[in-house]
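Chain naming follows the written order as A, B and C, and within any one chain the residues start at number 1.
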């Protein structure tokens, strides 16, 4: 991070100097700062554009320099997500569930770090703890769905002819999502979890104003047996990237969670280029019970209907 | 079959015992000279006073004049649908709603033959198919969804689904009445009211359906059927009083519609084009596979979005399959759609025939080998011989673009992974076919096909209980079955 | 496996000779296919296809032409323990004079009787062109030693039979002893001499279409001139789908060898409408070359009168009564 040119004037970013004991002598220890990068294909690259923006808290104090992802970063993320999609979808549902559970475990283990980051981003301690708790619990909620939503949304169809006919959900493919902007962690988890539960891979753009948890969450993902490319996290500007998300021809669905009608319209228009599925979650309260349901999984599923003849030999009809 | 160049004996098919004409009688069919717009339960004249002709594509003769709806007419229809929704339909107990739909199903069964004949006359499809496939499926579709009307909460666990309001529905010319049924039946069952526009070349069965709906006593304005061209469809799409657009047609128009409704709250479902792979493995039941290929591409003159237009044959059975195909198409009877023996009827319109012929030329220019049956085509009307292109490259336009006619492209493959990759290598994803005798291979292939409908050891089967719809650029949303309900509900 | 090879080698010689004697083009086909991997048949698909033939509308001159063809393809049959010389004579007369009130009708193709009646039948049909077919090989069950079957066949041939309708050993076939079945057919073919051999598979006992297809392939490669569905003693006898399976086997054999094999559905075809459906199926599966009694037969006893009634109806315009047609 090109920090040398930045004046370290804010309280949050200023080096904390602590008194430490060293060999009986008084010494000063410099706090190690965190570099916020992107998460693409299981790696933590910087933006290829070299651009960054300064994340601040409500008081305007600088929190971090955050990558301003470019369309090329997004393109790389799509390649990573596409490459990972087949393998992720092919994993046993039970295994996907355990991996989601593992994410929750990792998140639990690092809860204080997230609470800390949320507090830096203007949450009270109570709010921060609630958000982290909900995020962990949401991952567990979706971990449980991994091997159940198929049963809920499948059907065996009693066709009139002598055929076995069934319909099952399959992942839509590669999802590009812009995370809810008004919180740092829960919204992010709320769009990632149902998409990957359903075997999709996702590129998600973190909250522009509250980006800190996104990259820390990427570290959680990275240590949770989630194959590289399944979840890709970018930071940057929705105003700049939404149109790219919606236009990319190798993206199958796009998720947008804000009320911004101009961006909504732009996304919907660009989505028509390749008949993308558009999911607008502007009226969802992610903190409420309504912020989680198997119907969010269904939103990024395609229903496949399969036919096969049923041979009929011997008495009595063979039918499903 | 060996790969030698030895002359394979030729069967003398379509020679000798030829079938005398067996025309279906049209004497019981009641058609008016002129059809108005069906709005608010009445047939009303178009505001513009304009009418257009609908012709029989088999002889290019005019059948009737049909009203052309403009923006004002669309507005009238939407208002009628809104009024019916607010005042009657959404308040009606679901059980009663269901009973109306059952009644429509029964009336269709009573008049099945009349509908089949008109469908064949107006659209060019063989009477055999209209009679044995389209119309029975229409009645069954209404019958199936009628029963859902009072059971919707069971379809969506933990939810109380609500209707959307007024649905604007635009349907194509390949299955005019069937598509009307696919649109209207679930919309009504879910408590919506409807403004439906049939295609300009095939409006008659929808208008006959309007008469039937009038007779059924369905409350005025619940179903409105208006006729016209693309502008009429656009007026429906753009009308602010529409809550939902359901469209079946080309991917190009589907994209225009998706773009047009951007920034509105209109819910959309699209059932668009396809370029389905039909894959024959060497262990397939070959003779049944050949029938599947024939049914896949020549059913309804190939005017089928899910047509198996890209044939992939495993190398080791390629010669056998091609020979059988070539022999088989000799037995296809091409001609008067109203003849009960006709297998391939008329191409729906001159425009579509021109489009197909354009692709035949492209195929030839691209270096593919064209084979057509030796049949004679009628002197009048729009007809195309069943056509097979061999020696086709994956990059050929005829293998990539939807032709929507009786034109099959053939490619060979060696390995399973090769054919999976080639089959999925298309922006479309509506349907696919797989033929093999090995169960575990079937499931490998059916799960790997990126398509909404996969037929294994069969092809082009439809049923009201079986969801139908596409992946990728073949659209989104499902029609048919439990999954078809979501298109017309807030869940 | 070793047995298969040795028999195949042994029979390769016979088959080669046989092919040479029939058609020089097929000399290259002196290797036998592995019958265990005969093409598989999808039941739903084949039945769907068979049903489609029944939607063809056969009217007017097509119908009259078809009905006359059907008459000319009939093997008029009596195969009962109580058959008498009188009955056989009557049947042979009927074979030549189907309905003299309707001039210009063809004769049936053949009469089909037990070996003991062959001599009489041969005398009765005289020089009418009507062939005499004899069942043999311990018809209908085939439960007899090979020597008996060969004697049975020789007796029929020596009595003047033009055609032999043999039965296969279904028990051996179902037990997977395909070589036994192959050898048996080849031996009977040899015993037939000049007589044409029809091989009855008794499809009702084979149960699945896969097995019917396999038995068809064995019969054709072993030297059958015709393959035939049924004895008429077991239900189900001929059906359209099972006949279609056999027609497609004949087609594949023709594609591979250039040799034509005849087809005879037998039992259960008693109405002219159904017979016309079969004819449509034949027309659209094997084509014009097979549309004559050299290559297609109906094994039936009561079909002829129904066809006659239809023909008279077509000519007179009024529906007929059975009282106007002789029952023999």
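Simple rule for what comes next: a residue touches a chain if its C-beta (ideal position, glycine included) is under 8 Å from a C-beta of that chain, and two chains touch if they have at least 3 such contacts.
Predicted, not measured: the structure shown is a model, and the values here were computed from it.
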Measuring centre to centre, with centres taken as mean CA positions, what chain is farthest from subunit B?
-> C
Go through A-B and A-C and name the pair with more C-beta contacts between its chains.
-> A-B
In whole angstrom, how far does the Cα centroid of subunit B sit from the Cα centroid of subunit C?
-> 43
Cα centroid separation, subunit A vs subunit B, in Å, comes to 39
Quick one: report the Å distance separating subunit A from subunit C, using the average Cα coordinate of each chain.
-> 70
Would you give the residues of subunit B that are in contact with at least 2 other chains, written as numbers and ranges?
-> 457-458
Among all residues of subunit C, those touching at least two other chains are 42, 44-45
Multi-chain contacts in subunit A: which residues touch at least two other chains?
-> 161, 163, 309
Contact residues on subunit A for subunit C in the complex?
-> 161-163, 309-313
Note which residues of subunit B are touching subunit A in the complex, please.
-> 140, 157-159, 251, 254-256, 258-259, 261-263, 270, 272, 427, 442, 446-447, 449, 451-458, 461, 463, 465-469, 471-476, 478, 481-483, 491
Residue ranges of subunit C in contact with subunit B within the complex | 28, 39-42, 44-46, 48-49, 55-63, 65-66, 69, 248, 251, 254-256, 258, 279, 283-284, 286-289, 291
Touching subunit B in the complex: which residues of subunit A?
-> 152, 155, 157-161, 163, 165, 167, 170, 172, 252, 261, 264-269, 271-275, 277, 293, 295, 302-309
Residue positions on subunit B within touch of subunit C in the complex are 1, 6, 8-9, 11-22, 128, 132, 283, 285-288, 291-292, 320, 323, 331, 340-341, 437, 457-458
